[in-house]
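First chain A sits with chain B, and in the next complex the same chain sits with chain C.
Right, the complex of A and B next:
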């Protein structure tokens, strides 16, 4: 289906916040982005000043944090009030190469996604650097070098190593469940938003307007619900955990699935105790190949049973780099989902009031581009941060 | 004049089902007893088509009148991505052990 083109004719477009001057190349002039930018700037700066490593260090910044949020919200209200009256008839188009005749907002959205791609690439390259540069904790554990170096709970010394979140998340189907459900939720939400666009774009007369209204708001509302599910499960996975009851016929035994934070997987974890069934096989090999060395270093704290080394010593690991890369990357993605929820809240309301027509349905497409991008990023985050 | 390509329902459904199946394979592969290298191979092998399916079908980069220039726009950062992955992600020596003090955890603790 083709989009309808309407030239930027001289036209006074009345909005709730005054007329838009469509005749001087300022098709949707608004203070809203500037006001929101100022608000977000104040918010980010004051949050950074108020907290250090999760601890509140400057309570006097709290009023400024709320001031930043209030200004952002005020800018958003202006934007929404203007957009609510925006009928989409005057969709401006680029005049210069290489984007000639393409809608300006569409080009802008792609430019924005380009910059977003750079943000996530920097996070991914950081993750790759540390994952490849630091020795995996499991390798150090199995080598037994932590015993030689006295990096144990008794000494207070910690090994600097990399412990990917997947060591915990991919340790059982229940641990992996929130991330897996989230992946399916995001894919379904990508589907529901293209369906909302499809129904909004149906030509006038080809579908009953009431049916169009219901379909569009139901699909957008479904996307909203799926986004809420995503963030809720993210909170469960990070902070809350969940309970598995005893279900005999399924072979399930009563137990708790501990959240990452309760597991000790936090950005403060400079003395983390890895305890996930790693086996001291290398140490056993060392004992077999070089009994005198084993006797010298390990005999008083370890013994060999059935080919495996057992020891009462507890290895301590500094995993702050591992946890920081995980939480910053997945948290940045989660922040994008949250921003999407804010946009979807408004769009669902607008759809409920019958605000979308084939003329202005491109707004759903532009938001959809953002939402699909969020899905795209998750397609990479999920396997490499959760599974591998 | 540019156009927005809106596919029929079938191609969206097919794409959606395909993405769900690929994700299910991904999760099952991790639960299976494959080696680390094989698991990585499977995950990369699945992530690439998923990425393309979302960009091509859901983001309308395939079949749209403007798709060529928009695809080029989307691919524009590829050069910088390669630079970042190769020179920061993979090769920078001592990135994990040679960080200056101000870049280390705990430096700003008050």
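Right, the complex of A and C next:
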């Protein structure tokens, strides 16, 4: 671009948007940073002008959102185009102690993961603050404290309480199935990415190059497919739900597994109706101890049958805090998987062209570090948000 | 070249798009709350105004008398009448000054400047009400909305039988008042003018380097080179220019704040505007001025000081920079359209997620998210560079102190800023898609924001001060012509500040009702910060004590730093003490304290750095006489600005308030009469301080164009950056040959006795833990 710098291998791999990174020692120019920054700016701006407090206020900004995404993506393509021809001629290594001889970019990836750790730490802190600080909805329901008098019930006043998603997800094997399959998908994908690295790293001569090419892109491709499965199942679990047919010998009845959003578990759920087999012991005790008071206040909304209270009264819960923490934390993890998919798409393509050799196989390792991290986070997210 | 042209054009188009968005009033067109009727009209009575409705207002004088009461009659004629039906309707009246009040049951008052019809007054064609004129001279504007409903057409929202229109009326003061410029217009104009001046200056400098071949053909590759460069020196210069530019913008905002506060009860800025100005002043100075200035010098000097050819990730480095101007544009979006963030730079919840906070707050949050991304990338980059790219033989304990300070600062920054980033994303989602992280109505906890913010915010203030420590260590050691006293204790002191910074943030929340036990713990840890800081100050003094000090401009700034920073540090010790904090918090004492450490510390430190490293960066010497003049004027006017603020704070002048009142009597919330004089003194000093810094700008421009050529080592420094030529070549050290760096400097090339130290036992132990790469790879290569 500048015309000033001609590295050793500049002529072979000239790109319209600047020579690729680290191909030679001299600085190298790139249009990618400024284009990506402008794209991200347009994206953040237009999303905030299109939506406000959860409502679409300016539909004319919607096309601009996609414009912003397109520009960012275009910048990323430029970034990769500069990298695509990289064949491992120069992979800088550490000179100083104590990391002597380690690839510099590997250290950088570890550093990056350190700050990523803090991102999820903050999200988990938020979650713990609300999970431990707010009264669980079940407790409020079972104590009966939500019934102040029959008038409150009629007016539908909502109670602030915490309703973990696990209340819905862990309620049956079928509800938890997408999350469980996802866990295995991610763990297996961590295995396949290591296999891709292993095959890419085999010394030249010890393996047929065509076999290497096939193995690497197939393993990377499997990782890609597993990641796609992960996001697809997540969408099913959040938005779509699925259908269980009648299978007699398994004892299955035909029924729908409703998605979280269709259950009403959304970020706007300020009048949510929890109804998952909780037992209202408070009213039963009240009825037993003081039948006349029970009659006076609650007879029109509840009755005692076999020791349990059946009631037509509906407890309304404001669970927006619970849903916000759930969707944003798992969503942030999902976004990391999505970014991984974008990276894997590029890497699978590069492997298809036979781009990975023992010299530059280490870039699969860098991605693998990130991917294991995403996997590890899921291993924490799953019990915290799905099981308990 | 043709392709370059296309690239440059596409960048220009995208930038114009982004600029157009920033200036568009899009985000200001959603009026909030009750004031909405004034701005947007009675939308519920149809989308647009109707010409057939003619609002009238009677009883308004042309010129009012002070405090006189007028009876006004508002009404309307016309509307969607069909024969035989009388139109009825409602009204809404807003007055910019004075007080409106209702006269009878058909009119209700919303607040002193707004009245409307009541339910029983909803079927009339005229109403009477009372307006009391103000007691001072104002130009007064009335905005009247009336709607007219056809009785038979059903009426109601949006029906064809319902139309409305707007009327504005003006009343003059007894003594003529000149129309006042809108402060937004003043600020936007100044920002645009500064940006244009910056571009002109840069172009002029380019022109002067080669006046003969000044045309688009030579200019274009030059400017494209700057837009695309990943060279640490070029990116560093970009950071530096951006930092200085925003220092000016933040300064302009500070001046407007000072104009407002120069006299009691001033109305140059409304309360609403004042809130935005101090919010953006804080945000600009911390994130857009101090951080880029630090990053500018870090970019320039860290690779030079450790003998590295470039940063570890040059392209990521360019990315870190370019996220900043775009983020800055988003932050300022609100100001250009008149609804900037008005939350304070701390953006406390729940106000930041309330609809009363300006819509520009969303963009402010979006811009901050980009700055967080930028800082994270910067942190990764510098930590990696310093950890792995030191010249062979340079151990941790042989690194120059400026590099150490950048290491500590970036470690603090990138371990703390994700918390802030997550908080910002939560606020962004709250405001945009309607989650409820900080919505107290749904059980959200506003204090959670304070925790996330201050977990980042307190390390952040050390992030901006610690690099200044590094600069001062370099400058004082070089000027005293000896090694810095107690190098090792300096390093441990900085590292100590880095560690302690994470456990002190509770002192920002003393008055939030935290538990007394935790307050006590935080009080102790905060006071602990004084220990490593004190060690550093005494080390600097001791360095000068046995040295022979050479008084250059950068030395003067360093000495000035020692004085002002120590004063700021001492006033800082008032706040960890709970009893004092409860009294002083939210007063001008706090303002005085953090300006003493941030201006007297960071800014003075980096002024020193400018005078110290400018010859290395440009190859030209700065004018020492102008430099000394700059130091004297700026140092004196600076103290004139901030020293009296301590006194104002003790008197109880509240920070973040758009005005104050003085009284000779003991009245609630009023200050003694002398406060007015001191405030005027502060404002005058602020103007002097602002304009004295133009000496620096003039000095730099003059020096770049026709300064004396600088030698490689003009000050007699002995760290690596003084070993290369001024300006350094590209790459800075060594050269690249057949996939390997050769001719990199080693520590032996530098003057070993100055920085020579054995690795500490801790470092040796850590080194023994590191596993070297397997042999296989080496063979394959």
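Keep in mind that, in the parts below, the second predicted complex is superposed on the first by the 315 of 388 C-alpha atoms of A that agree within 3 Å, B and C clash if a C-alpha of one lies under 4 Å from a C-alpha of the other, contacts with A are read in each partner's own complex, and residues count from 1 in each chain.
The working rule: contacts are C-beta pairs under 8 Å (C-beta built on N, C-alpha and C of every residue); 3 or more make two chains touch, one makes a residue touch a chain.
Just so you know, these numbers come straight off a predicted model, no measurement behind them.
Undergrad: In the overlay, answer first, second, both or neither for which of chain B and chain C A:252 touches.
TA: After superposing on A, A:252 lies clear of both chain B and chain C.
Undergrad: With both complexes superposed on chain A, which partner does A:365 reach: first (chain B), second (chain C), both or neither?
TA: In the superposition, A:365 contacts chain B only.
Undergrad: Quick one: classify A:339 as touching chain B (first), chain C (second), both or neither.
TA: After superposing on A, A:339 lies clear of both chain B and chain C.
Undergrad: Please tell me which partner, chain B or chain C, touches more residues of chain A.
TA: Counting residues of chain A touched by each partner, the higher count goes to C.
Undergrad: For A:288, select first, second, both or neither according to whether it touches chain B, chain C, the two together, or no partner.
TA: Once the two structures are laid over each other on A, A:288 reaches no partner at all.
Undergrad: Now for A:112: first (chain B), second (chain C), both, or neither, which partner does it touch?
TA: Touch status of A:112: second partner only.
Undergrad: Is A:173 in contact with chain B, with chain C, with both, or with neither (first, second, both, neither)?
TA: A:173: touches chain B, not chain C.
Undergrad: With both complexes overlaid on chain A, does A:187 touch chain B (first), chain C (second), both or neither?
TA: After superposition on chain A, A:187 lies in contact with chain B alone.
Undergrad: Taking the superposition as given, does A:244 touch the first partner, chain B, the second, chain C, both, or neither?
TA: After superposition on chain A, A:244 lies in contact with neither partner.
Undergrad: So in the superposed three-chain picture, is A:57 touching just chain B, just chain C, both, or none of them (first/second/both/neither)?
TA: both
Undergrad: Find the residues of chain A that appear in the contact set with chain B and again in the contact set with chain C.
TA: Residues common to the chain A contacts of chain C and of chain B are 1-3, 5, 52-53, 57, 98-99, 101-103, 107, 111, 114, 118, 121-122, 125-126, 129-130, 133-134, 201, 270, 320-321, 324, listed in rising order.
Undergrad: Give every residue of chain B touching chain A within the complex, in rising order.
TA: Per the touch definition, chain B meets chain A at residues 1-4, 6-7, 9, 12, 15-16, 19-20, 23, 26-27, 30-31, 36, 39-40, 43-44, 46-47, 50-51, 54-55, 58-60, 66, 69-70, 72-74, 76-77, 80-81, 84-85, 88-90, 92, 95-97, 105-106, 108-110.
Undergrad: Report the residues of chain A in contact with chain C in the complex, numbered from low to high.
TA: 1-3, 5, 7-8, 16-18, 21, 24-42, 44-49, 51-55, 57-58, 61, 64, 71, 79, 89-90, 92, 94-105, 107-108, 111-112, 114-116, 118-119, 121-123, 125-126, 129-130, 133-134, 160-162, 201, 203-204, 267-268, 270, 318, 320-321, 323-325, 327-328, 358-359
Undergrad: Could you pull out which chain A residues touch chain B in their complex?
TA: 1-3, 5, 52-53, 57, 93, 98-99, 101-103, 106-107, 110-111, 113-114, 117-118, 121-122, 124-130, 132-134, 170, 173, 176, 180, 183-184, 187-188, 190-191, 194-195, 197-198, 201, 270, 320-321, 324, 362, 365, 368-369, 372-373, 375-376, 379-380, 382-384, 387-388
Undergrad: Quick check: in the complex, which residue numbers of chain C touch chain A?
TA: So the residues of chain C touching chain A come out as 3-4, 7, 10-11, 14-15, 17-18, 21-22, 26-27, 30, 221, 224-225, 227-232, 234, 306, 308-310, 312-316, 318-319, 321-323, 325-327, 329-330, 333, 355, 359, 362-363, 366-367, 369-370, 373, 376, 379-381, 383-384, 387-392, 394-396, 414-419, 421-423, 425-426, 428-437, 439, 441-445, 448, 451-452, 730-731, 734-739, 741, 744, 759, 763, 766-767, 769-770, 772-773, 776-777, 779-781.
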